[in-house]
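Structure first, commentary second.
The first chain written gets the first letter, and so on, giving A, B, C, D, E and F; residue counts start at 1 in each chain.
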């Protein structure tokens, strides 16, 4: 079976316990996560082969990352080892009317200073069907941006489908480049793009005077996405929707646009969110996995949205669910009593 | 004062900490619970005498069970000691759109392999006013079913009121018998039955073509329950209602039917459920305790429903509340500010 | 810069972990809090100078209190040292339809037995702009009531604005006096009073036949507060509103009345409350801090109400927020997505 | 079977977690303990009937104490309910060259302010064989001293053997009396006394010029104890020995003197102490239980010393061991490999 | 590179936290372990290929076991899936003069009821160099004994070296057979045996009148082991020595006997044992790994003994060390200061 | 009163819980520490004024550091704010024969990239009596080395006594310079130096052919230290001695050499070490504080050695003791029973 390959940065995530603010007490929960690693882990949990590419420092922390990836059967054989450190991010988890806040401590991480020669590209792409990158990696450093661009070009050259999530992180992009300087070039080599109308117009250069600051109609969405698809010769564009009632209560849904057809998922009204981080990655993993397992786009979209929904119930970056749970939810979101 | 006597299986319950999935980290919370033990504990907390009958293994785990029952003044003097092991159940607690899931590890437990001669039946029924069983015990093994039937016959013979909760657990009943093979025989010796319209028709053999897959009218409910009562010469039938919005948010209420009169409780809209397990047992304990303390059926039903509601706020199988708290809630569910 | 000075009792607060009932397991969370200390801590966090006055026992527990106050830059130099013990309060935290319950163990605490000569009043009032007391301290003992009255008189004499929160605690006032015996005398020396229509009529002696047991109109509110202001020559009266849906879900807002103008805050619908204790103190700190930082009463009220709201998301008595967070919430309660 | 009855104060004990200093983090372990309660719990665990007498406050904290006593089958039926509060003590646990330190917060506890009429003395002494008191209770208040004296007189009158542990606590005795003012009067009514040569001479008034500040010879010990026995008409005197290498490493042993015969226990070299508190109480419980179960004084002393030793390995005040473990240790302290 | 293959039972291990007795509080630590799994994990950590063979239940618990084995790169591809349950063992951890005690709850586990046809034996032995079994598996059931014997015969047939650890567990062997009925037959097919003089004479039938209840001389050891080797045509016999000072303090060393040469390791004096369980398995893993990596028997023995020693410092069944740490200790046990 | 001023790096310290290896479970304890901060905190605890100089990042992590320093009354007013990040170090705590291991993640920390103009040197040295630096700061980067040298020169210029701890950390010094390139220049401006004979000869260039790899005689020590003192015009040289039995058991003592007089402390035999990190800093703080409080060198040395000893019993970098505890230990290390 072929592989879904993700490339990017995985970090140590440190967050406070219970509902405390960060460092309120001096006990921390440690997990590990990063956009593309989160995707590889879920793809593997859902039954697909996945391979994760990054550079890890050769110390007890880097080895722990490999252990945890291996525990979920993610192929780690093409990971590069070296560099100075594993990036860290601190989560000050919000509640109600208080927002979650991320403090990044990821500068000078191994992957952010890695270069093309650090990787064995034949091993990276061996038997790959999809190659996924996001807008987070090129946001780190010029070298990470170069590396990402090299990788998607190389993937394209090898006839592997490229998937790209725009993933705009405002606290990054501090090395001189703006997101709109880099992402269009990467999307040129992509087949599948996770982006919303804002990303299309403001980052990827779609020309439109539709106002994207408020909710837009399906027709306007189609107009924008048609332009995006034709501008970059894309196959599919996918967009998540999130209505934030408060930090514990979000309503979510998603859209998939392909070949002039707009597919809309059902909507989930999540009232007691456990962990919001990594939910978008679960959605992306659901789409990539769905494309490998199913044919019907509506089914794939519902599958991915159910995976998206379930991640909100699980602490940590990784969606520790099962394919059965995802399908059970997409088929009926009403049978929620204790199973016994 | 006379005793409420419960007979059944109590297990070690292992669940993850915080909102983690089972075994996500390797810290577990251990509690102990089982339908009838839960009832005895709450009856005792509410001020009644209760006695719990089971077989416990004669090791540190069995002794811990006795310690905890004793701490709530449950009479343990008729418990049989022996057998191989205490049953265990693992709880993978759900949230939002993710369902709680139970993994049973209760095969070959002491009580599931116990026999009639293991108990001193005079001690079991000494000074008893009510004897409660559920559909969980006969679901374990043929010997447990035989034992349950023997016990209710014996109770009947001694003029003790028998109470039976149908308690259909789909993951049990694996030894060859179906629930509809066994429960009707047990209900024959019962005076009080906890059952809904589904149980009445599909398990207890009430003949009716009323559709029980959707909500039914009060009139239809009465028709079915009249048939159930007359078929088995029952005194009271009681039914809980649960509307599941998501795993954290349930709306609950209950019905009591006696002598052609239908009593309906008020409804509680519980939005941040702490622990759903054992709530039905709290309701049953509320009914049995109420029957011992109060005369008015509406009052008894409201008392039991308030106990039912409060259990949703307390972790573990046991409803660690007080009679004052239950009465305060049933009398006014609006005075919920901090008491200081 | 001048100081906001608070005077009162700070206690050790012991509460259970997770959602357990008090002593359900034998692990406790310890924090420290008390009305006026909570106010001083938040005023300091919001960027003002604050000084806290109490008497602490000269042992490891008293020293820990000082450590924690110092960590938030509260001036502790006028604290008196001595007496027998630090008061304690136990919190049995509620959920859903179960109320939180406080058990006080504060009798014979150092401050409750302190006397006027224990304090260096010049240090207490050095460079003070506001002096805040509440109805909790005079509820403890006759000597604490005397001390409070002495302090507000002394503050008044020194031309310091006096602020008083009525803060009616039904479980206190056990030494023979009623709240209506004492608080009017203290309010006589006050400029700013936190009170609602009930407090005005039942405690502070405003004569009115408006029914204060149900919601009252703005017009009635103004009538009562006009009488209160003129009876005591007050400058500002402030009132919080709380609609309790259940123990996890409250809707909050507030009113400020000054010079015949009624200011009304926006309303926050808090669905997953983390900690309800100390929220009113956060509001009071917001008002006192706002009066020092801003001029517009509507702005001050919104600032204080946002601080009030945020405290519901943070465990412990203290509002571990920042001025930026408060202003961000008051300016837009909609931008609640993860900041990254 | 007859009862061993203990009378005294039980407290909430709060200590830090792991090896932290008290309040280093804000997580605490809560247990409950007090000299005589500790003895009753162990006597019950060792298979005897025990009854504990105290006064508990009628709140959730007092009820928790009863729950825990009941869980160990201690008879709580003669406990008086009322008063203000449960006493508390804080433990700052030492290690190596750092001493454990106790902070008492037990003033105004229910038992310290109880009086003779609060107890039903017939229930207290019903079917009692031994009545145990210690020097801790009379150290609290004059009323507690009076109560203790009344109780031992009453026990003596009813022909119950009185056992008294001198238990000198330097941080108590603050109400005006010294230990040597009170304890001799109590010992007058005692049959069994736990005291060392220092207690005999400095507290109980034995006249001797033997230097008790350093180790004394067996002969000197006998001389002093003969005088003590004859002065107070005692039956048995028992003494523990503790050599403190550091806070983790103590060597322990004990002596029993009866009818001119000196019995000496074997010595245990405990190198990794888990909890030192309550060890002396375990020894006393071992003696009282041994006197009920065995005849040979050497055997009784070894049994008690083994119980004494085992307590050092168990956190909390209570010796959660079994009779089998105690006997196994006294018979062979060498078979310490994992039992599997 | 070839594989070290282990076959046996892995269990869920539940133990209390801190130094509490089992179930003293209701928090448990969960880990997983079993003799042969422990060996495979350490062999893999030390840099070798290892494969573990067992039967796991196809539920969340079984899947967690696989996750954890995979995290340490143990090959799980030949594990059989099915059966009823994962065995459990409870650890009541001792200290000082209190012994650790194991409660087994492993009856009816999947592996104890598995049969020969459940395994794909070609996958089991694919590319294997060593096959390791212990006396624990045949102690479970007749079918487990049959399976073990089948496996060692099959290994022998395929020219794989068979290693066997006698591992006498007194609490097992309850199905009718004694250890001396079964183990000699298994040792017949073995090349390497872990046994001491007691095992040789009492279990494996070596005839000798040397007293094995006390320490024996090297000469006597050689006499017995020569007989053992010649009786079963063994290549190597290995023996661990443990002197138990108390539960925290053990002195350990080991012997290896091959071709008339006796090798003796250095001795480690371990004064603050963290976890004693699995230490013997670490030694066995050290020997098997050493035989694959090194040639000199003295070096192999020292390597294994250092791994044996280090395991005492790590909680859980698995020796989470590194090859570098083991070699560093064997080369110098003196450089133990903080590495920084 | 004048100030002891420390200058250097403070880091977030992350370590595993209980006795687990780093990341064995995913719970971490967070504390903060660094050589000079540790010294300032203890000096303040011992009753002196202290001021700590570093650069902290202006985020929640940096602010937490200030909070904790303030809680111990360390003056933070001259701390510079800015730079990228707070350095981190991970502690994999050893036991028995397993060594503790530090993983540094401190590159690009704020202080390591700070420059002279970032500090207000008048505030740094305001009212200072002692200025302390260590060999850790110059080990970070060239700019940190330059900054340290500038600071000691500036201190000297202002007639402040300079104290320097050689503190050789082998894992640092990676930017191109060796310790012997830098430290001699810093020692030139010092009055008090913490160094042993190895440091004197290998780092500070004392010429001697005395073998410093094994224990040396007092006479040889004096010869070397005389040379060191005269080479750098020092006032006092101080040396700690540590005999490592295993990771839990160290024997410690210290030497002070001044004006041809050698003072030797008593020796502490610490058998159950809780935390070894920061013990040397406690000793240094004890010396600096002692020099401010006492006159007699023997007394100062014993005081510092007692502080050194006590730190081994307390988790975290900071010595949370009291002056009373230190003096009590130095006066008698035998009175180690529970204080109650």
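Remarks
FYI, contacts are C-beta pairs under 8 Å (C-beta built on N, C-alpha and C of every residue); 3 or more make two chains touch, one makes a residue touch a chain.
Here's who's who by UniProt: A, B, C, D, E, F = Sugar kinase.
Worth saying up front: this structure is predicted, and the values here are computed from it rather than measured.
Number of steps on the shortest path from subunit A (Sugar kinase) to subunit F (Sugar kinase), with steps defined by chain touch: 1.
The minimal number of chain-to-chain contact steps leading from subunit C (Sugar kinase) to subunit F (Sugar kinase) is 1. Farthest from subunit E (Sugar kinase) in terms of Cα centroid separation is C.
Farthest chain from subunit D (Sugar kinase) (centres taken as the mean of C-alpha atoms): A.
Centre-to-centre, using mean CA coordinates, subunit A (Sugar kinase) is 45 Å away from subunit C (Sugar kinase). Averaged C-alpha coordinates give centres for subunit B (Sugar kinase) and subunit F (Sugar kinase) that are 63 Å from one another. In subunit F (Sugar kinase), the positions touching at least two other chains are 17-18, 26-27, 101, 271-272. Against subunit C (Sugar kinase), the residues of subunit D (Sugar kinase) that register as touching in their complex are 14, 17, 22-23, 26-31, 59-61, 64, 84-86, 88, 90, 92, 101, 103, 105, 107-108. On the subunit C (Sugar kinase) side of its complex with subunit A (Sugar kinase), the touching residues are 17-18, 268-275, 309-310, 312-316, 320-321, 325, 328-329, 333-340. Contacts from subunit D (Sugar kinase) toward subunit B (Sugar kinase) in the complex involve residues 67-68, 70-73.
Of all the residues in subunit A (Sugar kinase), the ones that touch subunit D (Sugar kinase) in their complex are 25-27.
By the touch criterion stated above, subunit D (Sugar kinase) contacts subunit F (Sugar kinase) in their complex at residues 18-21, 24, 94-102, 104, 169-171, 242, 244-249, 271-272, 276-277.
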